[in-house]
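Here chain A shows up in two complexes: once beside chain B, once beside chain C.
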Partner chain A sequence: MYEGAVQDLIDELGRLPGIGPKSAQRLAFHILEADKDDMMRLAAAITGVKERVKFCQVCGNVSEQDMCSICRDPRRDASVICVVEESKDVLAVERTRAFRGRYHVLGGAINPIAGIGPDQLRIRELLTRLNDDAVTEIIIATNPNLEGEATSTYLARMLKTIGVTVTRLASGLPVGGDLEYADEVTLGRAFEGRRSAIS
Partner chain B sequence: MYVDRLSLTDFRSYEQLDLELSPGATVLVGPNGVGKTNLVEALGMLSTLSSHRVSSDAPLVRFGAERALVRASFVRGAQRSMLELEVAPGRANRARINRGNPVRARDLLGIARTVLFAPEDLALVKGDPSARRRFLDELLTVLLPHHAGTRADYDRVLKQRNALLKSARAARFSRRSPAPDPSGATVESTLDVWDAHLAQAGARLLHARLELVDRLVPHLDAAYAQLTDGSKVAGAVYRSSVEGSVPESDGEDFPAMDGGGDAQDGGESPAVVRDGDAAPGLAGLGVAEIAERFLAALAQARQRELERGLTLVGPHRDELELTLGDAPAKGFASHGETWSFALALRLAAYYVMIDDSAVAGDEPILILDDVFAELDAARRARLAAIVAKAEQVLVTAAVDEDVPAELAGRRVRVVPGALAPLVPGEDA
Partner chain C sequence: MAETTFAARSYRDDGVVLRTHRLGEADRIVVFLTRRHGQVRAVARGVRRTSSRFGARLEPFMVADLQLVHGRSLEVVSQAVARASYGASIVSDYARYTVAAAMAETAERLTASDTDAGPAQYQLLVGALAALSRGAHEPGLILDSYLLRALATAGWAPSFTDCARCGGAGPHSAFSAALGGIVCPGCRPPGSPAPAAETVALLAALLSGDWAAADPSEPVHRREAAGLVAAYAQWHLERAVGSLRLVEREPAGP
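Moving on, here comes the complex of A and B:
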């Protein structure tokens, strides 16, 4: 145990995801020895996000205003909603420039072990958005792992009765990769999701 | 195939060991506790990735060391494979093939084929159903490595589903915590989703196990006849909880309460069908049809599962029922018969692997740890005659007299010691 402020810092850092006690200690001493201005900027950045950044009231994406820039943008197609787990997934899809609709951020995936069920996700908010007739298609883009698939199944079943088109992103082999290096899960999914080669 | 070199670093009692081996029979002789089983345990791990003695990795690492390394070089026809497995408790084990970059341990599956006979095998006949399920799944992943993924998928869905059932059960019983309780409707619809995923993953595992049992059973009968005078018929039938034919109690959920297969809750004990057919309704069905049966079974069990907070049907509750003559082997077979049955199961696995060989020199390495001491003279001679035909067989024994003359191969005397614990002994 270290004294006062240093130990406080180690404890706080240790609560961050992916940071164990050893890393927390290393980071704390780095901060202690680093240039003061640099570290004050870090502290200000943390204060800044916590004070200014909130979540878009419509889609749940991070935003500095009540509504995020995508929801405010009139050029975005209001008839298609892409459902993702986290805000960082919005960035990932945006990078593709392939999608011109709007998003809905669930805030996670169904994960009973972690105590997350549909009620802990922003699913009710999604249903509210569907009351607006403008929406005709939902694209489910949850992660291609067990929890993401379960969330996708849950949403697909629920939305079936509402009368919108529901699609799921295809998951398959990474482009540019070699078949021999694909793990069996990816390969298995790619087989299940195969499509006609004669179009 | 055969192994011609085995190296251990910080594995069990060995700080460093390098052992040269050759095709044919090798007998490792040495007093109790000297480290014979440690050696063959290491070799077996390269084929199944787990120890035949312990379920956790910690005991495998030498006291005071952080990780253990098992390395061996296998020769299969004209092909040589160098396998390396790093065992590090608390971390994912890693592997290397032919000195390449580190890969997942799972990637070793299917390369080295060994069949290990050990005193622990008695549990295959006398023990909980989990021992027999493990036997099936281990053989399955050696034959078809991608089923390691099938098994892992199923286990993950099962864990999630059990967590949901458990929290639903807790919510029912605690009226006082109002806020986070998921409403009954949400629980039911979320369960439906997990049911679908469980049935899908489970059907794949069930289908693979049923096919494997079909391949195993003829060999089991033949192997038992070879080992004994052939007066009794050894059989095995896969009883799936998906068919509702397995008694409720299962050693895994109540390790301390397992009283030998009686139903312990609710007095509900579906009668075990004994007509000799493989799980009547499931035999011959495809994966999709099994998934449908699975869903139906889950629907039927839903209420009981909510009460227990546990998934009660699925391949994790199934039983490979062993029969000897007209009686179940468990609880009826004599000690000697139980031993013969356990050996016959391992031999059957060996024969299935031989059937499965795609190229010459593909047949598995046989490892017999301390088994001859347990057998009478007649069965010793019979077993020795069978295994002596293998391309390579490794035998351990505490004293020379335990090893039948048929296996008069190279003898290696095992002595304790950290650096060169093996001194090539006088050839027999």
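Moving on, here comes the complex of A and C:
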């Protein structure tokens, strides 16, 4: 045990995800030995993010205002909503530059063992957004794992009766890889999702 | 010296994935129920990357032939070859998914400390997942049958004919989770529920795997049986199985 502030810092760092006691101690001593101005900037950044950043009232993405920049942007296509699990997934889709619609962040995926059911996600808010007739398509872009697929199944069932087009991101082989190294599940999904090569 | 070689530290076993936890940037801790080694917790490195060669084989409800290496605190998955893939057909139906999650959580609880129960519990879970993925029976019935049989395998076999306390010949009408099933009027604790005779018959059929009797049962009796099975399971597991709360059951009817 160290004295006072150092131990407090180790304890707080140790509560972060992926940081064990040894890593917490290493980080704490790095902070202690680093340039004071650099560390004050880090402290200010942490304070700033907790004070200024909130969740967009419309889509649930992180934002410094009541509505995020994507929901405020009139050039975005309001007829298509891409449903993702987390805010970081918005960034991943934005990097593709292939999507010009808007987003809806669920805040996770249905995972009964972890105690996360549909009521813990922002599904009700999504249904509220669909009251607006402008929306014609929902793209479900949850993670291609079991929880993401289950969430997609649940959403598709909920949205079936509403009369909007519901699509799911394609799933298959990664670009740049060799076929022989693909696992049988991914390859099977690629076969199921094959499309005509003749345009 | 030999203990430090890869061959000495590694072993193979069949395992079904019960659940996964995120670890670090792209790794997962995977909880397996294995055929010969009971419950195993292992690190699967890099499986959250889309380029992972065996990430898809380590999703919940997958059955895989595993090569595991003894680590300092957790095992490490060095190879996984799919033996059976139940995930896709289970997840295509939301009710099946919630049932499979409840079965996996129960299996995790039952095998957390009991390595001897591994082979029997493993066979039971794989059989239940296979039946669920095939849509062999109504998902709720598969869950209740699995719970009763898994508890029986773990040493908490309920009685649905003779009195669970004194052994008096049945049929009896009162149910007590604490006493182990159906109890006679003399042993019946105050406030014990008295399920319908059809519900008791359904419970007995689910415990013995008599699907010819269980499949035609009425939704109202299935719902009553489900409540009793959940109470029985949670009493003996000594804490609530969170996934049971989220299981989607068929409506009990008018």
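Couple of notes before you dig in:
To be clear about the criterion, the second predicted complex is superposed on the first by the 194 of 199 C-alpha atoms of A that agree within 3 Å, B and C clash if a C-alpha of one lies under 4 Å from a C-alpha of the other, contacts with A are read in each partner's own complex, and residues count from 1 in each chain.
To be clear about the criterion, a residue touches a chain if its C-beta (ideal position, glycine included) is under 8 Å from a C-beta of that chain, and two chains touch if they have at least 3 such contacts.
All values reported here derive from a predicted model rather than from experimental measurement.
Chain B and chain C, once both complexes are superposed via chain A, clash. In the superposition on chain A, no contact is made by A:P21 with either chain B or chain C.
In the superposition on chain A, contact of A:T186 is made with chain C only, not with chain B.
In the superposition on chain A, no contact is made by A:G48 with either chain B or chain C. Mapped onto the common chain A, chain B and chain C collide along 296-304, the only clashing stretch among 26-34, 224-232, 278-286 or 296-304.
Common to the chain B and chain C interfaces on chain A are residues 110-113, 115, 117, 146, 149-150, 153-154, 157, 183-185. On the chain C side of its complex with chain A, the touching residues are 19, 23-25, 50-51, 53-57, 59-61, 82, 85, 87-88, 91-94, 97-98, 101-102, 104-105, 108, 242-243, 245-247. Note for the complex: chain B touches chain A at residues 145-146, 149, 153, 156-157, 159-161, 163-164, 167, 180, 182-183, 186-187, 189-190, 192-194, 196-197.
Listing the residues of chain A that touch chain C in their complex gives 18, 110-113, 115, 117, 144-146, 149-150, 153-154, 157, 174, 177, 181, 183-186. For chain A in complex with chain B, the residues that touch the partner chain are 110-113, 115, 117-119, 146-147, 149-150, 153-154, 157-158, 183-185, 188.
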